[in-house]
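In what comes next, chain A is part of two complexes: it sits with chain B in the first one and with chain C in the second one.
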Partner chain A sequence: MAIKGGQIKDTHIENLAKIVGTSAILYKKEDLLAYDCDGFTIHRHLPRAVVFPNSAEEVAKIVKYCHEYDLPFLARGAGTGLSGGAIPLNGEVIISLTKMKRLVSVDLENRRAVVEPGFINLKLTHSIADKGYYYAPDPSSQYCCTIGGNVAENAGGAHCLKYGVTTNHILGLEVVLPNGEMIEISTNGVLDPPGYDLLGILTGSEGTLGIVTKITVRILKNPEAKQTVLAYFDKVSDASQAVSDIISAGIVPAALEMMDKTAIEGVEAAAFPVGHPKDIEALLLIEVDGISAGIDEQIQEILKVCRSRNVREVKVAQDEKERERWWANRKTGFGAMGAISPDYLVQDGVIPRSKLPEVLERIRQISEKYGLRIANIFHAGDGNLHPLVLFDSRKPGETEMALAAGSECLQACADAGGSITGEHGVGIEKREEMRFIFSDEEIAAQTNIRDVFNPKNLLNAGKLFPTPGRCVEVKRNEKMK
Partner chain B sequence: MSVRESDVKQAPACTEASLGNYLWNDPPDESKWADCVHCGMCLESCPTYEQTGQEQHSPRGRVHLIKSVAEGKLEVNEAFADPVFACLDCRACTTACPADVDVGGLIEEARGQIRQAMPLTGWKGAVSKFFLEGVFPHANRLHLLGRLLKFYQTSGLQKMARKTRLIHMMPEHLVEMEAILPKVKQPVRQKYKQAGMIQAKGETKRTVALLTGCVMDVMFSDINEATIRVLTRNGNNVTIPQNQTCCGALHVHAGDRETGRKLAKQNIEAFKDADTVIVNAAGCGCMLKEYPELFREDQEWREKAERFAAKVQDISKYLYDTGYEKPKAEIKTRITYHDACHLAHGQGIRREPRDILLSIPGVEMVHMPNADRCCGSAGIYNITHPEMAGAVLKSKMEHVPEEVEMISMGNPGCMLQMAMGVLKYGRNQKIVHTVQLLDWAYQKEDQQKVGESWR
Partner chain C sequence: MLATEFLSELKAILRDSHVQVEEDVGHPLGNSGRVTVCPQSEEEISNVLMYADNHGKKVTIAGGGTKRGFGGGTEVADLLLSLAEYKGVVEHNVGDMTLTVKAGTPFQSLQEYLAEYNQTIALDPIWPEYATIGGVIAANDSGPKRFRYGSARDSVIGMRIVYPNGTIIRSGGKVVKNVAGYDMNKLFIGSMGTLGVISEVTLKLRPLPKYESLILLSFQEGKMEEIRAFAVELLDSLMEPTSLELLSPSLSERLTGNHAYTVAISFEDVESAVHYQENFVKRIQPAKTNITILPLKEARAFWKQFYTIAPNGRESGSSNEIEAALKIGVVNLDALQVIKASHILQDAMNIAVEAHGGLGHGLCQIYIKGTGEEVVAAIERLRQFVIPLGGYVIVKHLPLALRQKVEVWGEKPSYFFLLEGIKTKIDPHSTLNHGRFVGGI
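Entry: the complex of A and B
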């Protein structure tokens, strides 16, 4: 139902339509507008066209064509990314992978599954749940984000504290390289395969090194038991200390999440309220899982820690329903900000756990300085902060202020010995902030790697690295002449 | 199926500049999209996105386009109309949205602008005008159409049309529809015209007014009869205000908000004296509850509409809330339940009908995965967008459990669509309204009592 009427005037679009069929390409402004941004809405650019290949071979043909005619292009999954990785900065041809959404195979014996890149994260767990298995990486957008996108961004999630992020669950990739060549990379089940770790380079490369067309992932057996605790605190510092204490006590929770007062106001005003008290300063959502023996002891230990840190109220989920309610409230937290603010900018800093109280205090000062509210919803257990800067893009100047406030939050994380992104990727959003943690030479070393895969830089150009970084590249190239 | 150039006549001069490129009164409501932060949590809930994988056919994509017209980036034209009218209006996105964005409301408001800027002409305009303006709002004409249909069914014409294959002159999706049309009986609005109030059996606890619905009363008058029997059995006097009319949902879905308002006013007046308005069609109930949306620019009627909307109750929720006699007779059957979009997503009613069904001894309920996924009926969507409606129905039918004998639901549009699905995919389930099953249980109980007293 995509194309009706209207003559195609762009010969490139005509030729791309020959590859995928006229019903699988969009080129009218009204249709393209829906692709001018992803979950990061501050930058908007129209693509030249959007194509919907149905197979890896079609992807390869499209890429080959773009490579031959020097057309910028990029891949897009569900477009839920939060750093702008799928925004067509250079009027790219968007290769949408939403039609390649098949579950290719499940191999329970070897605990692996093969999916196409457009397959939805949570659907994998749903497809194997009755057999007692699941797919561990669980970004909050898992209801709708694609595993291909997860690979590009090396997505994390609430339960990555114990189980690791996407890269720890990728066993093999089929990739279309930026020149249209197709390659397969696999560990063949070897934990430390010989040679360079190409899977590691590709996972989290933010769509700048190639387009994955098939993914082999690790699947896990459901934990025997699972318990979830909700704890309300009157002081952020108490909650932060409790986080450190829990980890110091030798417990590795499956998840250890924090929300502050502004965040709680948001989720309670939105579609999945739990009934959290409005006057608390912070809450912790803690989950432990594993074999049944020992779970109760861990819960008792967690309750003890919370009490020693002046918790106002702490409770254990009584049943699966209550647990699900708590998680739905947490996982829809970002979108819920829409209920209290027209726009938000989410940051993704990482800090050493012990610096939590200090950095949260600095974020509060930044919020005051800019006069913008900042909500905090984050993975406290691994020190992965998500300050959400609330703003109204309709007010002149506020977008710029939000960006500046966000950048300052990242500076605070870097100053504390942390990093500028934990799981959302750099994309467009944090290009400049890469300088907080890398020198020019270190950035150049990385663009060198990119150039090996993507020498024409047609694939997702302008992402991941600061633009002035090119100065170094130019200098270096001149030296090599 | 999109609107073609040839279907569009010259746009009439606008009444009043209102918002960006929306040139008419009653434009899409800015505060509705202000909550959308483009997070994408709605994507997987959307049946048209599931089918196409294209973002302009997703809730956030549509909201983005609607907003872009207000910002002057897009015109109200055919290319804008296509995604806006391809929406099923199933409201699943409203359930999925973390920020409660009223996508359905925005879609209907945008459709209102589109239909004013580019009125339908040609055959499509004529057909649409004939049904929306000429038939649905006029009870007598609808009943006449019902009688014609009945004549078609009973005179042998139907048999002849099917036998001679003359029927295949029609487009395929209409042939499929013809095959499942229920037997037409006498509408309850005619039947009880002289009756005034239908008295409660036993002690009177409350008095309620019944919205008979337009299509419901012609195609499914036996469901209306069942509703009346169930209500009176549970201590309710039932009135059927004679000047009530079509709820206007189909008009509002089609972008004809002006007729929608006219019908709304007539219904608000017709039910002026009622304390409770009972509805057994989810689509109608949802529309009645949303009447205030039609009068955003008319304070007097908005307040009237708000008072009216507060009186509207779906039959299942009303029975659940006020308490109903648990049936004693056993109906031994295995069923599944389909959530009508405008009941589950539109009115938040999920537990109540299931509770009623499970209160019947012998009924075993099998869970249907994705029970609250649209079936593709969506008012007259299955007539205007047969291809998409067919694809949505196909994926719905894949989820109907093999082993059930009946599929229960609370909306006539879904009943027709699911009946079509059963026929098309060679299944053998019977399609029933929730209240019908309860009514059968009561009737069986009464028959058993008669049987016992005979002995």
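Entry: the complex of A and C
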């Protein structure tokens, strides 16, 4: 069969091309290179092919084919994932869902919308903004990441403190199971469908249980009012204390973000500087929203807390433009590290809020130990840290050091009673770190669930869980030498 | 006798714990056990389950007993595992706003404890005085305030679960945001104790609202379109009601003395914001409706009474009149039709019906009283009405003999094989709450 670029020798590719059409498949090496990793760039592997189905039925046909011929496969959205969940470790057939990007329906009265998995997160809010509605989960990559990917990763974002992460907003799913069978779970958005909470298990399963082909989400009405506060501190400990005090005062901020000195240096050198003072140790970006009549009271309380914690300067955004500038500065924070370092590694630990000062101190010690700078940008309100390890991959051994430093930061979070990932997922990156928080039995309890959905383990194998008996394999290899 | 041998073995496992042989095991609601055990530690729970699982014994799980009439086709299991004595706060991190508790802790006592710290669990289940936190979560109970605060799946951040083979599994963690591994918490919430015994729960807390009030807006009979228009207008406004619950005329009469379709709109916020929202509702109040505003204490008193309207599985149920409770899920605004259909049923049949439903979340609770035959017929008629709407009917309370005549969970979903697969993986001998869940798993 002739596809553009000449004859293909792989009959599987030929057969897959019959399903999606010859213009909707990539198989030549030069085309596949763009798919050898996602937002986690340290591991790379070429897929066997990339197919671009246009409908759930096509997805089901592809999956059925892969299942029949034991071909490993995985789903991919925009490829913005930060833990390597879409990297074809086993030379998978990548099912790219970027062509399935329709907004299927919007029902404002019942506050729900149905989208295809390739639909861009922020586009949903844009589509309903004129009616005063929005979709709450707002990962920093929301301008380009897909809602299907958000479901796979159970994506979070700055405003999840008050409104919850993706799983709190998923009402229904249409799913192609790893054997090609298609199921619908509450796609009409009816709550609590009888049975175990499959929506809950599928969301955040990092593409290992099924491929979602339609998503019913909850949409929210915009808050009546919104106020944003920026506070500069000379001591990290004061900023951390202010975070605890705000929450203890009974305020549920819509967002409560923190950046340390290194992070501020980065964002000020990047595309959206806002003129933060260079010599402060930490800043807090605090947003409250809700009924206008109650907002001022909360803002006054927040200002009071900041002052009692020795804030150097604290200000309220004067208009929407100023607010947007502050947020643009924050949301592009990761990328901004490129302005002060050739490479960076993002980590994603979670700790109980009250442990902030001690964990930040440990991260500082890790940074010293490895001689690598670590910037901290994070969702302080829910204790979700993002240590950014700055390094230079051209220097021999520095990538490995950065990985080790990142892993140690996660150990620090686990030791503080926290978790190794708050919103980026485990993927490839944190497979081994799963052992920091789960016993072998607890990991087996999870893989048992995978076996129910994905018994042949053809779908996105090698992700999420540590490799059993890894030490044994290493030893065996040594013997063979 | 076999039973005595069984008993002495159990006593050896549990030592100090209570092991009690039940003399009179028959109960109209079923879900009893020949022997009741009340473990006082997680290790004891684990030992009991391991014993039962190894010896082919069936175990029924109970907390406060309020949901005894919810599901299950067994009158008497080998063992009744009661968590009533496994209670208390394990850890309360006030600054982190997280709470870890033992599963047998009564819900109300937790709320009273938390109120001293101006904190609360954002759930409003029935019979909070008796219902345990473990039971509320295992049955996924929620009330009208779910509209604003969500359900157990939005509050639970971690659990300890004892598997049927005695293994103790932790799910989630103690932090409010966590995506490490599968979100296993979700699997156990609403699983009706068919996968494991929840021994400990970690919850994310909310600040206790500084002020609250409740607006009761009653409509003239037959004006369903007006109720709908009002709900749509409020939902489309910038107000943030905590509940938007429609009460049937009979339920309204019981709670307020006024026999009329009534919408219960509650607001929880700082006082100025609550009054501001009350004023908004007054501004859009439709003609020929009556409005009553219950301030703080009266609003709380209303809700306190509200949570006792459902049948309580702790009661003997020996009266001749049959009581049933149904949970109906439909697309949000279809709750209007469901409440109306239930109300009409009362006139068409010789039964008493009280009903309420959330216009912002679509979950309805229907309480029916009558003879067994009529109650069963009413359930069937409601199912015939609800299924074409894309909804479901679950029977939350009904005597055992009648549960065997209706499908408690309705028809199996098309993906039942996944549910069955999960059950078989975790509880291969069907030791726990045998047959109490969807499709008899």
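Operating definition for what follows: the second predicted complex is superposed on the first by the 457 of 481 C-alpha atoms of A that agree within 3 Å, B and C clash if a C-alpha of one lies under 4 Å from a C-alpha of the other, contacts with A are read in each partner's own complex, and residues count from 1 in each chain.
Definition applied: a residue touches a chain if its C-beta (ideal position, glycine included) is under 8 Å from a C-beta of that chain, and two chains touch if they have at least 3 such contacts.
Since the model is a prediction, treat every value here as computed from it, not as a measurement.
Touch criterion met: A:Ala339 reaches chain B, while chain C stays clear of it. Looking at the superposition, the partner that touches the larger set of chain A residues, chain B or chain C, turns out to be C.
In the overlay built on the shared chain, the residue A:Glu320 is in contact with neither chain B nor chain C.
By the touch criterion defined above, A:Ile291 reaches chain C but does not reach chain B.
Once chain A of one complex is fitted onto chain A of the other, the partner contacts of A:Thr80 are limited to chain B, with no touch recorded for chain C.
In the superposed model, A:Asp10 makes contact with neither chain B nor chain C. In the superposed model, A:Asp279 makes contact with neither chain B nor chain C. In the superposition on chain A, contact is made by A:Ile251 with chain C only, not with chain B. Note: no residue of chain A belongs to the chain B contact set and to the chain C contact set alike, using the contact criterion stated above. The residues of chain A lying in touch with chain B in their complex are 1-2, 4-5, 26, 28-31, 33-35, 37-39, 41, 50, 52, 78-80, 96, 98-99, 101, 118, 120, 141, 143-145, 270-272, 332-339, 342-344. If you check the complex, the residues on chain A that touch chain C are 108-112, 132, 153-154, 156, 160, 164-165, 167-168, 183-185, 188-201, 203-205, 221-224, 244, 247-248, 250-252, 290-294, 297-298, 350-354, 379, 382-384, 417-426, 430, 434, 437-439, 441-443, 445-446, 448-453, 464-465.
For chain C in complex with chain A, the touching residues are 93-98, 118, 140, 150-151, 153-154, 163, 167, 169-171, 173-187, 189-191, 195, 206-208, 210, 232, 235-240, 269-270, 272-273, 275-277, 327, 329-333, 360-363, 390-392, 394, 409-410, 413-416, 418-419, 421-422, 425-426, 437-438.
For chain B in complex with chain A, the residues that touch the partner chain are 1-2, 4-5, 34-44, 52-58, 61, 64-65, 68, 73-74, 77-80, 82-83, 86, 95-101, 387-388.
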